[in-house]
Amino acid sequence: MHNARPLPNYLVQRFHGWRATTFADNKSWYRRLSESGQHPRAMVISCCDSRVHVTSIFGADEGEFFIHRNIANLVPPYSPDGKQHGTSAAVEYAVTALGVAHIVVLGHSNCGGVKGCHDMCSGKAPQLEETSSFVGRWMDILRPGYERVKDLPEEERVTALEKEAVLVSIGNLMTFPFVREAVEREVLTLHALWTHIGEGSLEQYTPGQGFVPV
Amino acid sequence: MHNARPLPNYLVQRFHGWRATTFADNKSWYRRLSESGQHPRAMVISCCDSRVHVTSIFGADEGEFFIHRNIANLVPPYSPDGKQHGTSAAVEYAVTALGVAHIVVLGHSNCGGVKGCHDMCSGKAPQLEETSSFVGRWMDILRPGYERVKDLPEEERVTALEKEAVLVSIGNLMTFPFVREAVEREVLTLHALWTHIGEGSLEQYTPGQGFVPV
Amino acid sequence: MHNARPLPNYLVQRFHGWRATTFADNKSWYRRLSESGQHPRAMVISCCDSRVHVTSIFGADEGEFFIHRNIANLVPPYSPDGKQHGTSAAVEYAVTALGVAHIVVLGHSNCGGVKGCHDMCSGKAPQLEETSSFVGRWMDILRPGYERVKDLPEEERVTALEKEAVLVSIGNLMTFPFVREAVEREVLTLHALWTHIGEGSLEQYTPGQGFVPV
Amino acid sequence: MHNARPLPNYLVQRFHGWRATTFADNKSWYRRLSESGQHPRAMVISCCDSRVHVTSIFGADEGEFFIHRNIANLVPPYSPDGKQHGTSAAVEYAVTALGVAHIVVLGHSNCGGVKGCHDMCSGKAPQLEETSSFVGRWMDILRPGYERVKDLPEEERVTALEKEAVLVSIGNLMTFPFVREAVEREVLTLHALWTHIGEGSLEQYTPGQGFVPV
């Protein structure tokens, strides 16, 4: 607690700017959101990466998307062992408490987490194999995906692994009983996306065709 | 994989709208971000809640903030047990790989996760005590905070617990050796914030004064 | 006037997205529509409900449908008393000025207005009986329909009343001399539809068979 | 009833196309909308004109906007006389039952209703003065606006009157006690827009500046 420090000036100024403009223009909407609760249509699982803001790409306004962001947009397999699983808790809340209609998993180019996984699995980053590496252990979720891309030419491998990260997550989502049940009742659909930061392009996984431009 | 479905039309349209405007106007910046990597100044840990977009409050542009979002903006204590810890991985990556200068923990009013924790700890939500409840086990992180607010008048208790969620996270951040070391070297500062959705207000924890308006 | 406020940001962004894509791609058509006037083929009378956009169901492009939307897609009986009748004005303009070939009345499931009428007529919503209730007085148009469904089992009654709303409107349309005359000259046909929001189904009234799937 | 006819083929085909594509891709969302009800953020009052689809301009998806469309996007003054007022009923439902945060009145260029009002008020359309003219009596709502534009040069007058139609409606909205009260509590804001069909432009009324491009 005693380690908390005052906010840097640039953030204080930006907050006051937001409050005098966007908030002032939308006050009635924020009040209603506050009083009536959220009814988001979709959950988005994307990366922490500072270059990928789904709120921008999809013009997301307050109240629309329930957003979980972690390293490399990964969902671990269902594992109700009584331990702390932040991603699984977010998925459970979105599906069972909020009843979202869509879960969108959004991967991206130049993903540092996926690159680390690639280097770890190919023997180039032994420090990520250590028990104490949180990033290494988190990226273990993607190891099955590495097996599927390891024989590709080197220049294609990391991008392919970024897309595998999305598909592994979609596959793991289906191991959650409440996700599977909602998908089977046709009240929930899953969507697998990958965006190229520099090109501003978006691809979606289409069964039988792989990732194709939207 | 075979469960991935085409993106709903409204998101396809919004993406194309973004690409034709925001992306087109900022193409050179996106290209540079893609080629030179990210150099975010701060990490933000906030809630998945659809009503709290830090990208809006702080006018965040692509490349500025490394953002982790989970239920109730919680950071668990340091626990290098070789298991998967998504939040700890995000903090490790931000501090050791990216070298962010700030970690901002942003709590908020009307937080469903915190409300669940309150109900669980006060005996009103026994289902959250079950081993299989991911939300319940995740909110266990906040139990020490409940002890500090449980004797407050009922109408103040949930808000107080929302602010405790921020302080518990700040406290837990300091249990990570690489965080503590960076704070002590004065290359990293921690910031504890809470926002009221309906009022558009922002409070920051100030040692000796508690939470005060920014 | 002085109460008009700036448009919320999200709508500004969406407008610019539309202008850069849909408008840019169809500029010649919009220009022609602007210069040559509208020649819509059909009038649609549907509900204000946010879940029923006839423009979506029928893939309506600009220029195709003259659309009037009110609570519960109702048409009042012909009543040329010199007072303001917005629905009657819309019908008059469509038939006498634009010469539409079809009038489609589209009802729907889960209609709040029809539910209110049901509750009012069955004594459960006395506040809707008050003179000052605009919704109550508007739903008076549907009272004759309630008489025809009131003896049905409770679980069928509201849906039946939604369909009655369409038929009452068709019946009332025929009380307008210019509608009757155009129907008799076979330059105008009337169509009675009902859609189920959750099933995405569409039924049409067929004399002798009632509402049957399209 | 016996006057209802089968739907024209082109609409049957379009419906089936929509059902096989848009509906199939969004089934989970439509189901949820059906089961959980609508929570639209805004009410839009626009014209029946076939060339102005607010669902297009604002990329409106199902569930977002509660839309009332009448001739010339007019709102009459508050008049709780126990008669049928469809527009007043729609406003009452949006504000008191749905609690929308915004009411957007959208006017447009080339408006036939406004042109009729102009011709009627300037003596060029005596048939619209007759008691039996529903369009004429409806356009009476705009007469106060004509007084404010009648001395403008002829080529500016109709466009100015289109914008007056929006402002008259905003002014009349404030005569409804439930609208005024919600505006004063800052849970509702009103927005005055005008769009040029051929240019794809959008202007908003800004106090002190008049209509300026968005």
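Labels A, B, C and D are assigned to the chains in the order they are written; within every chain, residues are numbered from 1.
Basically, contacts are C-beta pairs under 8 Å (C-beta built on N, C-alpha and C of every residue); 3 or more make two chains touch, one makes a residue touch a chain.
Because the structure is a prediction, the values reported are computed rather than measured.
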{"item": "Shared chain contacts [chain A and chain C, defined touch]", "value": "B, D"}
{"item": "Centroid comparison with chain B (C-alpha atoms), farthest chain", "value": "C"}
{"item": "Where chain B and chain C are represented by their mean Cα positions, the distance between them in whole Å", "value": "45"}
{"item": "Rounded Å distance, chain A centre to chain D centre (Cα mean)", "value": "39"}
{"item": "Between chain D and chain C, distance of the C-alpha-averaged centres to the nearest whole Å", "value": "14"}
{"item": "Overlap residues in chain B, where contacts from two or more other chains coincide", "value": "5-8, 13-14, 16-18, 22, 24"}
{"item": "Chain D - residues contacting chain A, complex", "value": "25-29, 31-32, 35-36, 39, 41, 63, 99, 101-102, 182, 186-189"}
{"item": "Residues of chain C touching chain D in the complex", "value": "1-8, 11-12, 14-19, 22-24, 27, 30-31, 33-35, 37-38, 40, 42-43, 48-53, 55-60, 62-71, 74, 76, 80-94, 97, 102, 104, 109-110, 112-113, 131-135, 137-141, 167, 170-171, 174, 183, 189-193, 196-202, 204-207, 214"}
{"item": "Residue ranges of chain B in contact with chain D within the complex", "value": "5-10, 13-14, 17"}
{"item": "Residue ranges of chain A in contact with chain C within the complex", "value": "22, 25-26, 29, 59, 61"}
{"item": "Of chain C, residues touching chain B in the complex", "value": "13-14, 16-18, 20-22, 24"}
